[in-house]
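The first chain written gets the first letter, and so on, giving A, B, C and D; residue counts start at 1 in each chain.
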Amino acid sequence: MTDPRELRREDFDDLSTATTRWSDNDMLGHLNNAVYLELFDTAINAWMVRETGIDERVAPEQGVVAQSTVRYFSEVSFPGTVDVAVRVARTGRTSVVLEAALFLPGSEDVVAHCEWVQVYIGRESRRPTPIPAAALAVFDRCLATRAPRDATS
Amino acid sequence: MTDPRELRREDFDDLSTATTRWSDNDMLGHLNNAVYLELFDTAINAWMVRETGIDERVAPEQGVVAQSTVRYFSEVSFPGTVDVAVRVARTGRTSVVLEAALFLPGSEDVVAHCEWVQVYIGRESRRPTPIPAAALAVFDRCLATRAPRDATS
Amino acid sequence: MTDPRELRREDFDDLSTATTRWSDNDMLGHLNNAVYLELFDTAINAWMVRETGIDERVAPEQGVVAQSTVRYFSEVSFPGTVDVAVRVARTGRTSVVLEAALFLPGSEDVVAHCEWVQVYIGRESRRPTPIPAAALAVFDRCLATRAPRDATS
Amino acid sequence: MTDPRELRREDFDDLSTATTRWSDNDMLGHLNNAVYLELFDTAINAWMVRETGIDERVAPEQGVVAQSTVRYFSEVSFPGTVDVAVRVARTGRTSVVLEAALFLPGSEDVVAHCEWVQVYIGRESRRPTPIPAAALAVFDRCLATRAPRDATS
């Protein structure tokens, strides 16, 4: 994998802004590490719901996170907003790997990076199941858009 | 006290926007009640820090919340943003009562209302102490601005 | 209402212990105020589910919080545990008022107190509806147990 | 690395119990993924503070998390408690790798596993600095205790 710090906003499929909260800061005066994961989780889920149109509370398949890796490069503190970027990294038969990055407003420095492995399971079976068509179409479209750039690297 | 549902954005001293998070929704699909308090806390503290210039981590006095009353009028859910309005209700010698209200974008319906009693204590003594001058100046300015309107009601 | 600081563990209908978390502490080194509400919410809901046997995700009625008032008397910090006590204060036709108090282990000093007004609404109608029989039976049983003591005051 | 699901409580240096909260459950009725990280963070920090005696709010060095990887093997829901185990995996000059695992009471199945890379930085310099002696002594003691067992595997 490329060093995540080389990523820029334009490398991603989605960008949203989140506000921080007073309670996000820990005793050391910066965002608690679990808050980063809340922010990545929020950006990923909001994008997924909007793009795929899938309501996981009723859909026959659910996407559950199997692994999340967060790398913390610099500190962020309340007050202020953060930009959260999301992109599709790759797909498997029953899972997708997403990446997310956190930027401060007006900066292209990656503050933190998340690799997020999501597995689809049957609502009833609780066993892995192929990525639903509506989601796969979104992932494929994102990967196709980025392919030419990746091909040159 | 007036019915808080009669309040409008223009009745407040400050207005900010907050983003909701995936994890804010509880099992019933709407914002958990403690999240409302996080949002009120955030709006009140951000406004106080910005207006008074007091850094409570080092100031000789700290403002601590003595009582918070939240009234929930309707439901809010992730995704989406909320507007949080803050105003000074009244001041005492060592405490201030603030009010905050939560609105949905584009609506003047009060979704939830908070009455927030903040007491100032000495950093070392941990006992009530008069409102710091920098904070009192802000509270008085806010109350003065609103006086004419209140006088007619 | 009696001064909540006069309450003791024996005045309540339920008592449970909760662990605090690193992220509960705010920049001032003590539990953020919204965390108190999370703890009260948790104790109230765990007790309600266990005693009434109602699963609100599927029941025809839902109990939603209409108002929560928290009074903060002293500070609590991670690490450590807290005891959370819950009791029924009074019932109406469509609502119940509960009280909860937070104690430190080995102490009878009330650290914080919560008055919690819960209204029952129809799952579909979203309008107030009478307290479900299974819940009312629990509330009545609790109030009956406490009646003799209250009568002398 | 060994498959984390082969780990048992006895493989760890510390074991603590945490209570879950109503608000930990997300819309799908199980613990939100960021809550797992809060629980790992809590267990790691409580153990570190207790064993090393270092108060990071005033110490010349601070331990900051550089990377956290969580693997989720099965689902956990409020209500109930979880056991969180912590151990030292290996040390470098300026960093330590810890592992944590979440177990359900009475079970040796690993529900979730966390690899936690902590880097020590100077309070003022914000640059990597050698592991403080008090912390290194704890890490070395833990690794020494486990060495014979590892040697036989």
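Keep this in mind: a contact is a pair of C-beta atoms (placed from the backbone, for glycine too) under 8 Å apart; a residue touches a chain by one contact, two chains touch by 3 or more.
Predicted, not measured: the structure shown is a model, and the values here were computed from it.
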Please name the chain that ends up farthest from chain D once chain centres are defined by their CA atoms averaged. B
Which of the two pairs, C-D or A-D, is linked by more C-beta contacts? A-D
Chain A-chain C separation of Cα centroids, rounded to whole Å: 37
Between chain C and chain D, centroid-to-centroid distance (C-alpha), Å: 32
Go ahead and note the Å separation of the Cα centroids belonging to chain A and chain D. 24
Set of chain D residues in contact with two or more other chains: 22-23, 27, 29, 32, 34-35, 38, 41, 57
Which residues of chain B touch chain A in their complex? 17-23, 29, 38-39, 41-42, 45-46, 49-50, 57, 78-79
With touch defined as at the start, can you tell me which chain D residues reach chain A in the complex? 27-28, 32-35, 37-38, 41, 56-57, 62, 64-72, 75
Which of the residues in chain D come into contact with chain B in the complex? 22-23, 25-27, 29, 32, 34-35
